[in-house]
Amino acid sequence: MSQNPQKDYEQLRVSGLHAFYGESHILHGVDLVVKRGELVTLLGRNGAGRSTTLKAIMNMVGRRTGSIMINGEETMQCAPHHIARLGVGYCPEHRGIFSSLNVQENLTLPPVVRSGGMSLEDIYNMFPNLYERRFSQGTKLSGGEQQMLAMARILRTGANMLLLDEITEGLAPVIVEKLGEVLMALKEKGLTIILVEQNFHFAAPLADRHYVVEHGQIVEEIHADELSAKQSVLDGYLGV
Amino acid sequence: MSQSFNPADVRKAIIDQQKAQDRRKMLLNGVLLLLLLAAPFAMYPVFLMKILCFALFAVAFNLLFGFTGLLSFGHAAFLATGGYTTGYLLSNYSGLTTEVGIIAGTLVATTLGLAFALLSIRRQGIYFAMVTLALAQLVYFFFVQSEFTGGEDGMHGIPRGHLFGLIDLSKNLNMYYFVLAVFIGCYLLVQRIVSSPYGQVLKAIKQNEPRAVSLGYNVDRYKVLAFVISAALAGLAGSMKSVVFQLASLNDAHWHMSGEVILMTLVGGMGTLLGPVVGATFVVNIEYQLSQGPLRDWVNPILGGIFVLTVLAFRSGIVGEIQKFLRKNLG
Amino acid sequence: MTMIFGVPLAVLSGQLLIGFINGAFYALLSLGLAIIFGLLKIINFAHGAMYMLGALLTVVMFNTLGVNYWVALFMAPLLVGVFGVLIEYFLLRRIAGQDHIYSLLLTFGVALIIQGVLTNIYGVSGLRYAMPDMFKGGIKLDFMFLPYYRAWVIVVALLVCFGTWFMIEKTKLGAYLRAGTEDSQLMQGFGINVPLLVSLTYGFGVALAAFAGVLAAPIYSVTPGMGANTLIVVFAVVVIGGMGSIGGAIITGIMMGVIEGLTKTFYPPASSAVIFLVMVVVLMFRPSGLFGKEA
Amino acid sequence: AISDNTVKIGYLADMSGTYRDLAGPNGLKALQMAIKDFGGTVNGAKIEVLSADDRNNPDASSSTVRRWVENDKVDMVAGLVASSVTIAVSKILEENDRLGIVSGSAASSITNEHCTPNHIHYVYDTYPLANGTASAVVKEGGKSWYLMTADYAFGHALEADVTRVVEANGGEIVGSVRHPFPTQDFSSFVLQAQASGADVVGLANAGSDTTNAITTASEFGVTQAGQTLAALLLFLTDVHALGVDTAQGIQLTTGWYWDMNDDTREWSDRFMKETGVRPTMVHAGIYSSTLHYLNAVAAAGSDDAQTVRKQMMDTPINDMFATNGRIREDGRMVHDMYLAEVKTPAESKNEWDLYKILRTIPADEAYRPLSESKCKLVTN
Amino acid sequence: MSEQFVLETRNLVKEFKGFVAVDNVNLQVRQGDIHALIGPNGAGKTTVFNLLTKFLSPTRGQILYHGEDITSLKSAAIARKGIVRSFQISAVFPHMTALENIRIALQTAEGTSFSFWKSGASLNRLNQRCMELLDSVGLIEFANTTTVELAYGRKRALELATTLAMEPKLLLLDEPTQGMGSEDVERVVELVRKAAAGRTVLMVEHNLSVVSKLCDRITVLAQGAVLTEGDYQAVSADPRVREVYMGSDGSGERGGKSPAEQAEAAQ
């Protein structure tokens, strides 16, 4: 992945982030920085706090302390809908397809937050399956199609920073492959992507950097080019 | 697999913990029992009996709601059926001893409970609540229309009679100890049910019904049984109430009564054994105190305020909140 | 004269029309309830009280400020709507995501408070509200005398019902609402101000009830308790239609009005029980109501 | 002698529910006015008042009254509205030998099958209401009747009374409908009444059922089309709520009206100053019965229930409330009743100027004769 | 000939309002096999499971268990015959301890489940067996922990132990490794292997490394119908399977395997 000048722009800076669900303290001071156009993964074991990190960025957890700067702007006091309006697109862990809406309604649901999003036509070209089933109820789609829908719907909004949580979960290998291609294309377009993945095999070739999360903290940062050198460290963290 | 824990040790630890818990419970129950035995000397017995009857009613309701997860919005039907049946029998067949009348009232309520259960048990959530409400409304309609209930005048002058033909129940103290004995019997029964093998299944059904099905439980049957037991106890509460007050009225069949028992259970703490008892005591008392005092024109808004406050601030109810507090502060 | 089961055809037609009018009324009331349940998952036991507030406000505004019917038709729902927004904001919001039962109890408590306070102010005998002059009188149809006011009720109730249905099922705003109820957090994550939407929806739902209240003011006795009994019936209508189904609430409302009307003709004593009987039967065969989606 | 040197009166009525306006908080005011007018003490003994909301619930009420009687030594219970409450309370009073004066209840069964030696039914009951109105209307030519009956025991009793009177006077019941209690929309029933072609539409119901039926009848032009409305149980508060516009011309029977003579006007002016509204017959009856009770206590020098009751029975009642009043052995206080008609908007000078009295129904004609009584205290 | 099959479906069809989700499926599961059901998303795998356990009723077709027609039995009856499933999303009783979770399953065989008058202590003799089962999935130290507090992988392990407590003859597993890190995946593979001893297992799984390691036989579903059937070698070599399911690299790997392991798995 060649360095391009735009990348110096700091799109997200998280520092000293703590998050709580009721009584339980889940994040213990997460620090990370993502530059524009980068694709960064969060790796870690189950329950390490990766999903929680994304949710905390969206202000969707119980309580947070610390600092989250998006485009240089402090967002700790912002309501979730304001954060989305800053150009953040969030694809949740369990897809969040709405069963009371059909596929097309699901797709056009999130409001456009910035110009430069994909048109409906572009999206249907990218995912022909969705076009075929555009009038079926959203949750009647198969798992893979739902996952495509969940991804596609934030592409329309023009969000330039995507938070993607476990988008390959439960998908057949062919579709995983297809999603990989989509992510590459988005990266080409200059979008910033933070990817939470269990499937390292899928994430490795796409990412510029990897953060390893353990017990609610970032314990390791690995650049793509260090990957082979640090493979054993990584295996240790992931328990392979 | 790790073998650092010896199964036998762990089991022993569990049993010890349970024993300690049981001891604490025993102690608490013992104190309560003494209080109840002494109560009629300090307080007005009929009022105490009213509390006990409603406490039993709430305990019955809670067995279904708190422990099985089924919200019945029609429990007034059982209370009223028990009361009217017992009242009718005791008023019209002077040969009957009181306990026969009460047992008969309970049985009729139980049968009605079975009918309700068979008609409603397959509905889920709010639909279940609404079917039970609808059925209870039909029962209400029946009672309004029937001659024997005395319509809106109510059924009056039900004789208290003699227990086993021997003990004169028209004496308040005798009546009180009889009601207390029945209440304690039922309370212990519910306690037993909740911890019984059957109670475990109910708990499982409440927490994850599809999983219980996949483990081979025919959940409908378990739910029906819970419903029937609950209806029986509610009917028993109604029967006793009609004997205590010597009257049965439409108020017991009205949907407000079904709402009131929900309130009692919730205020006291649903899903706890003692909660409904505390809740019933609290609600009956507060209604009584308010209706006497300078705020007597304001009973309804104040009750409304209690609803709101309970839901907003004490969702686990009095007993539930105390338990939470103890757990937090005593580990 | 043609007779049907011993009832003259003319009388029967009149009864059917009356039933239809009452049905439109039920539809309006159950629509608000269905929106609130369907979209917010709140079991609004304060709905009857809001209906009553609409009627009472109409009377009180007339008596104190001389506000006429047409202004009240607009003002009363607005005021009640604002009141609803406040209730949502200060009370209901705090129990979002909890079991249905809590919303039921909370709103029931609110209803008790509203009703109790107003009873102490206005008594229980009812307040007087004169029929607006332009609605005095009626049309003499072949089979019955149709008061103008009833004709007006049916037209306006159906219009409002249809408009609401269209807004929810066919517009973008409706899509936000429907989606917001499934996963409000995610909708917020998409940039939609869901809390505001929720407040407004609750406000709108109760405003519909208040609107029905204004329509009721000239024809029913206006008392603080007038909503309490209506509530249970309207609930039954929503359940028969399928909780949360907007179209279902409208159609069932009308249907129940007609069924009740027929019962009032053939066996009047059962007319208040018939809705519950229908409910039991319907739920036997369709566990989620006539138009409800499977849970 | 007066027990513990205090006369304790318990006032039990619906303070928050459907019957609130009938007796309610204002009834308590009337009771207190009576005590004040009496002088505040009886033969030097204090008069104390306890009060409670009956919640329209017989078991809540019976706990209250039991406690009043057994703990608080209450001598007399006043108010008493819902019939279920009244019957339940009277049983307790009988058991404990205390006195009850029923002012709010309508059921004539209270001094019939449910009579006890411990209560007095003071103001009215359904018998004279049905009797007075029905016979007057039939005599004026309303021969064929259609009845709208509330479908519960009270409505049925009223219906039976009316039917008897109508038929006895040469009229005929051509149809009837039993509507559920409560009903909000009467249009179906009004339509049926119109289709029946009867001269008179009789309303054998009460409270909001009656007012709703009257409103709907007016909307559907029942009277314009030539039918007469006869309400069998209608209170001043109901007519006030309906307004003369809607209610004009309705005939009804009442036990008392505030604007009958100087005495009634003087008292109701005082009452209005206290409460802001004109008194109903029930309020006036509470006042009158309380005074009568206190006078009896004073005269007998005792607050023992039977002594006082006897004293009350022996003294005729003639005050601002009652003319030719006397208490019979079944506990029924019989007095003159009045046939009234609701004024037209033109006749009505202010919001409480509602009735014109058409004629007086003498006490002896008005109430159910003792010869028909099923009361255990009456020996025929 | 059907004798050798534990489970057999004959022309099984499930339609949803005209949409055919399962289309004439003839499935044959041999005694003692670990049999995998794979296929693209929406192929109908979960639906087949739902049909077998009667969470859905088939539109047409038959289900045979040891040659006996069980098409018309209810869910609970099927479970009592020894056909027990696990769920795609973890299914536990969240507010019970791990031990109680398992005891609920053991209780079915006791016949006292309706005995509301019996003391809870009568269940304590099941505790020994519960402990053994917990031990077998490595959860013994959590016996007294409320289940909500367990980590995801442990919940899955508990669920499996609960399922095993039923002494199922035929075990149905729907994506047992879904959403698990590689560590947990390893553990589940071990568990399933152990559990399969003396039983028959039918599983849905997208993780091909798991399938390749565990399964004796694989049925590939596509668009509701059986595409092909065979052992891993045969199936993965099939170009149609590569096209609709495995994709170009054919491994369908996940879980951060090192290249060496990947090569090994692909054999």
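Some observations on this one:
Per-chain residue numbering starts at 1, and chain names A, B, C, D and E are given in the order in which the chains are listed.
Assume contacts are C-beta pairs under 8 Å (C-beta built on N, C-alpha and C of every residue); 3 or more make two chains touch, one makes a residue touch a chain.
What you are looking at is a predicted structure, and each value in this text was computed from that prediction instead of being measured.
Common neighbours of subunit B and subunit E (chains touching each): not present.
In terms of the stated touch criterion, the partners common to subunit A and subunit D are C, listed by label. Between subunit A and subunit C, the centres computed from C-alpha atoms are 44 Å apart. Subunit C and subunit E have centres, each the mean of its CA atoms, that are 49 Å apart.
We define each chain's centre as the mean of its Cα atoms; on that basis subunit A and subunit B are separated by 51 Å.
Subunit D and subunit E have CA centres that are 75 Å apart.
The multi-chain contact residues of subunit E, meaning those touching 2 or more other chains, do not exist; every residue touches at most one other chain.
Counting only residues that touch two or more partner chains, subunit B has 145, 297-300.
Within subunit D, residues 16, 151 each touch two or more of the remaining chains. Inter-chain contacts, as defined above, occur between A-C, A-E, B-C, B-D, B-E, C-D. Residues 71, 119, 122-127, 130-131, 133-135, 137-138, 141, 145, 255, 259, 262-263, 266, 297-308, 310-312, 315 of subunit B are the ones that touch subunit C when the two sit in their complex.
Interface of subunit A with subunit C (complex): residues 58, 60, 79-85, 90, 92, 96, 98-101, 105-106, 108-111, 113, 154, 157.
Partner subunit A is touched in their complex by these residues of subunit E: 16, 39-43, 88, 151-153, 175, 178-184, 206, 208, 243-249, 251-258.
Taken in their complex, subunit D has these residues touching subunit C: 16-21, 151, 177-180, 182-185, 187-189, 191-192, 194-195, 208, 211-212, 215-216, 219-221, 225, 235, 237-238, 240-243, 245-246.
Interface residues of subunit A, counted against subunit E in their complex, comprise 44-47, 140-145, 147, 166, 168-178, 198-202, 231, 234-235, 238-240.
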